[in-house]
Amino acid sequence: VAERIAVIGAAGFAGALAARLVDRHPRYELAAVTARGEDVGQLLSDLYPHYRVDLPLEELDVDRLDVDAAIVAYPHGASAPVVAALRERGVRVLDLSADFRLRDRDTYAQWYGEHGAPALFGSAVYGLPELYREQIEGAELVAGPGCYPTAAILALRPLAARGLIADVVIDAKSGVSGAGRAATRSTHFVTVDENVSPYKIEGHRHAPEIEQEVGVQVTFVPHLVPLDQGELVSCYVTPAELVDPVPLYAEDYAGEPFVELTDRAPGVRDVRETNLCRIHARADERTGKLLVFAAIDNLWKGTSSQAIQSLNLMLGRPEAEGIEA
Amino acid sequence: VAERIAVIGAAGFAGALAARLVDRHPRYELAAVTARGEDVGQLLSDLYPHYRVDLPLEELDVDRLDVDAAIVAYPHGASAPVVAALRERGVRVLDLSADFRLRDRDTYAQWYGEHGAPALFGSAVYGLPELYREQIEGAELVAGPGCYPTAAILALRPLAARGLIADVVIDAKSGVSGAGRAATRSTHFVTVDENVSPYKIEGHRHAPEIEQEVGVQVTFVPHLVPLDQGELVSCYVTPAELVDPVPLYAEDYAGEPFVELTDRAPGVRDVRETNLCRIHARADERTGKLLVFAAIDNLWKGTSSQAIQSLNLMLGRPEAEGIEA
Amino acid sequence: VAERIAVIGAAGFAGALAARLVDRHPRYELAAVTARGEDVGQLLSDLYPHYRVDLPLEELDVDRLDVDAAIVAYPHGASAPVVAALRERGVRVLDLSADFRLRDRDTYAQWYGEHGAPALFGSAVYGLPELYREQIEGAELVAGPGCYPTAAILALRPLAARGLIADVVIDAKSGVSGAGRAATRSTHFVTVDENVSPYKIEGHRHAPEIEQEVGVQVTFVPHLVPLDQGELVSCYVTPAELVDPVPLYAEDYAGEPFVELTDRAPGVRDVRETNLCRIHARADERTGKLLVFAAIDNLWKGTSSQAIQSLNLMLGRPEAEGIEA
Amino acid sequence: VAERIAVIGAAGFAGALAARLVDRHPRYELAAVTARGEDVGQLLSDLYPHYRVDLPLEELDVDRLDVDAAIVAYPHGASAPVVAALRERGVRVLDLSADFRLRDRDTYAQWYGEHGAPALFGSAVYGLPELYREQIEGAELVAGPGCYPTAAILALRPLAARGLIADVVIDAKSGVSGAGRAATRSTHFVTVDENVSPYKIEGHRHAPEIEQEVGVQVTFVPHLVPLDQGELVSCYVTPAELVDPVPLYAEDYAGEPFVELTDRAPGVRDVRETNLCRIHARADERTGKLLVFAAIDNLWKGTSSQAIQSLNLMLGRPEAEGIEA
């Protein structure tokens, strides 16, 4: 019998793709998709024709939801109470918001404000399978990482784990889907087209998340580039010691189904619509820096296909099921 | 009487724009445009309809060139002998290649190989008016800076001049016109579209040029982004001392006609088809870094309109003539 | 003494560009820029940094406006009452809305509903200088054509004037700036990027405007393409008689400063940020059709620079002043 | 046992995608990929990282090829002799070139010149399963349709079959992948970006192919638009009689797995990376025209996934195997 999965908040980019991936999953049944406001009642296939999921978007009614697990794709703040309600009813939850990613309450308060379900704070597993595979297996609440942290942590972890990072600058470039479905001045075609610009230069909420997992302070600046899906992080590490990083990455990522190590610079096209993270690390003899570049699809490995990867582990399924490259 | 100007190598992106800017200049006369190979004989307006310069591209014949000055837009290596020939005939030269930018022969040899006119090596003024205005005035040979160096040096110079740079990472993003007119796999639409990728990560020739003018070693990595004209450099400075950079930049760039200081992050659209460099500098209290972002149009301030700016100074004209914002 | 010009509704794409063109006009003084709602109080240069017009957007107060002429860039319906108020105070008006373009009241009512200033209906000159130059000279109220009609009428007029159009299909492609500044699902980057789609296929309001000037019924379907500024109309004419159109176009457009006839297919890049309309007409012997392609910049010749062209005529200035190619 | 398939000419866009689709097909084995010139010896995954096919590109040696079928992705002219050699050895062939699409020798000669395998001319089935499903089943030589004909024929066939087309204009828009992998001035990013332009306006080779299948003369003009994969044909039909086309399309395409009929205008994003053709047909009461819009992915349904669809039929497999939406 198939596991029944609901996607809560399926009208946004992340939720819609999660719904599509569940819908095509060889094992899962997409039991319900929900939305808020004006999207309720529409077919998901009207909002996202290319996903071809013909279910209607329903208003969320936690009590009537008959599912084994739910992917929650709400904004931070809005997510926590819904997650709490689902957990009370025994539903396993993969949460895509920031509400359960951080483990330090003060850090959460500083970057996000008050938490919507304090009793649950700190109880989730951080949903990056390459780091927390065993804890995710069978977990009941998993917090899907942010898209930038996914790429940045995978890029830096082999160095961080060996204490090799004395200082690091992370310059990130993201496609516009990362800004979400809301029509704003920032997402207007005319604003983005033929443009490149840094944003949140005064501090982006993904910095503390990266720092939590990498264990060192990071300088992190994201940039918006004129494309849809894709994210590149360029990491400039001042190493505690200049080593050849290639064998370290080979060792740490041996056998990882969704990490590709390359001997040349990756581009985001290489991983479009895949759950892959493509990484190139090299020592720069001239400057003594370590350079690490990681490319992902922000909506896939950065968000929704990674959610399936974790969900597979939570539900005892093969990790790559339904999201093979 | 108008000064007569030739553009040597006008079939490429940089030369064609230089020709257009000379052609519309209120004072100069575009006396000749030259090309090599199959482009000879074509109208410049057939290759670049939007520039509306109806001159035919001629084969270069230095002896028959009757001009006061020439802009040479040849690749490095090919440029030096032509520049030498022009100088022998008393023609003032603004060279857009890398052949006369560096002042250290060993550095040139290391990055570019043998020089095509060793006797002239080191005799040019570096054509960044914001740094070398007085030397450019009346100069007979000026080397136009590379596009990345233009943005990076303007971004870093106020800090460098005060000894404030302990370490610096420069992450640059450029539109495709920076790769030139040659049709290659790298410039094919399908390669670039929906992509972002770092390139020349093993070392880019603009690094030594930046280092020459900034006085410190730099980590410099360029990235190709899917747009035509525009370049952003994101500079991450580990400062010798954490200072507020704003007043330093205000002081150094007061009265500069082509430097705009902003209180928010610049985008490359803000400066498209202008000779402006738009800069935002800020101290990041959390990490102790200084962040400086500079946006230019790589073909304008990064190359061809900056050439006119220098040419104006060389010929005793008002610096902004013909390239006002 | 300079003529003083106001731009009413300068926060939108059309009004902002009109303000920039007035601001740089060698003769005019940009006396005021107005906006509605949340844009009031902002600097125009904050909304449109690349236009570099540092005036604050004011609330419109017709009684305090001390100007010789106004460009009104309001949506249809909202425009008419403001135009009426301006005309009562003796201000010459170039209106960019649809309110005064049509000459038939029923047609207006059918496509737009009730008119906001019935007494003025029909009193404007249609602001396409290539057709109505003499009437625009000295006119007090001019209705700027829609962007599609501008290109389509210029493309078809030489055939229409000779009764050569038995049937015509106009397939138009426009960049996203034509959809205006409002952030909507349609203008979201992710909707437009890597997409082409027809819209308003049940009928677009520019059809009756084209028909009014061309004198025959037209099948007109616009398409949205992923670029910012630019518009191409592809006209497929079933001719009353198959003639060589080239001499007809040469005759009609001889001496026109802003019409370019070409011997090959035009692209919208060829006319970007110019007041030019670039036209190629040819007979297709195989099918017996006449093909006419016309490219404009929808914001320039299609809207705002054409407004300056008409304004120059209204105020007795040289037609091309301030908008030379 | 799996059928063994070779892809001949796998370095180009069409062949590479065909190779990827064969490689992932649940039943087929990708036995060999071949190329010509400098691409020989490279891994297909080096040229197309995102396809993740790690086979080396070999020089073609027809005698050593041990396969059940081959997809030939050579240019017209070059294809015919290779197809003949393969057929002599009993290999079933799906040819993607134009060499076997036309059934009239004179028409071929007129548009393409001399044929490379006259003995085979006219012996292929036209590989559009929606029209020729039964003939393709078990066929030994199938000619894959051109991308424009695929969309245009599917858009027009229900009308053509009923004699309803008195006249038709087909205005097509295609992404740049349709121009192939060759780096030329036309495919340079800077040529295409922010541009729309008609091409081959003097006559495109796909016109006779469309006419062969639709049975009437067509006016066909393609346009290049700035995107990668995607193709839209906008068909303007002057009908013999104005009918409601909706039931006709519903009838003809009932049960077709890869034709989607919609009640609104399709965009090419809706079908990206699918074998689907999405069609909207409507009567325009105002003008008496029938409007039909069809969107496909030019590389998928327009070329390579349609090849798999036909290959499945040729080899007795389920038609949708390996290319399900």
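Letters A, B, C and D name the chains as they come in the text, with residue numbers starting at 1 for each one.
Basically, contacts are C-beta pairs under 8 Å (C-beta built on N, C-alpha and C of every residue); 3 or more make two chains touch, one makes a residue touch a chain.
In this text, all values refer to a predicted model and were calculated from it rather than measured experimentally.
Should one ask which of A-D and B-D has more C-beta pairs in contact, the pair is B-D. Using the mean of the Cα atoms as each chain's centre, the chain most removed from chain B is D. Centre-to-centre, using mean CA coordinates, chain A is 39 Å away from chain B.
Here the spacing of chain A and chain D, counted between their Cα centres, is 37 Å. Computed from the mean C-alpha positions, the centre of chain B lies at a distance of 45 Å from the centre of chain D. Among the residues of chain D, those in touch with two or more other chains are 191, 193-194, 226-228, 267, 269, 272.
Chain C contributes residues 13, 176-177, 181, 183-185, 187-194, 226-228 to its touches with chain A in the complex. Those residues of chain A lying in contact with chain D across their complex are 49-50, 52, 193-194, 267, 269-274, 278, 325.
Of all residues in chain B, only 167, 169, 171, 173, 175, 191, 193-199, 201-203, 217-219, 221, 223, 225-230, 232, 234, 236, 238, 265-269, 272, 280, 282, 284, 286-287, 289, 291, 293, 295 touch chain A in the complex they form.
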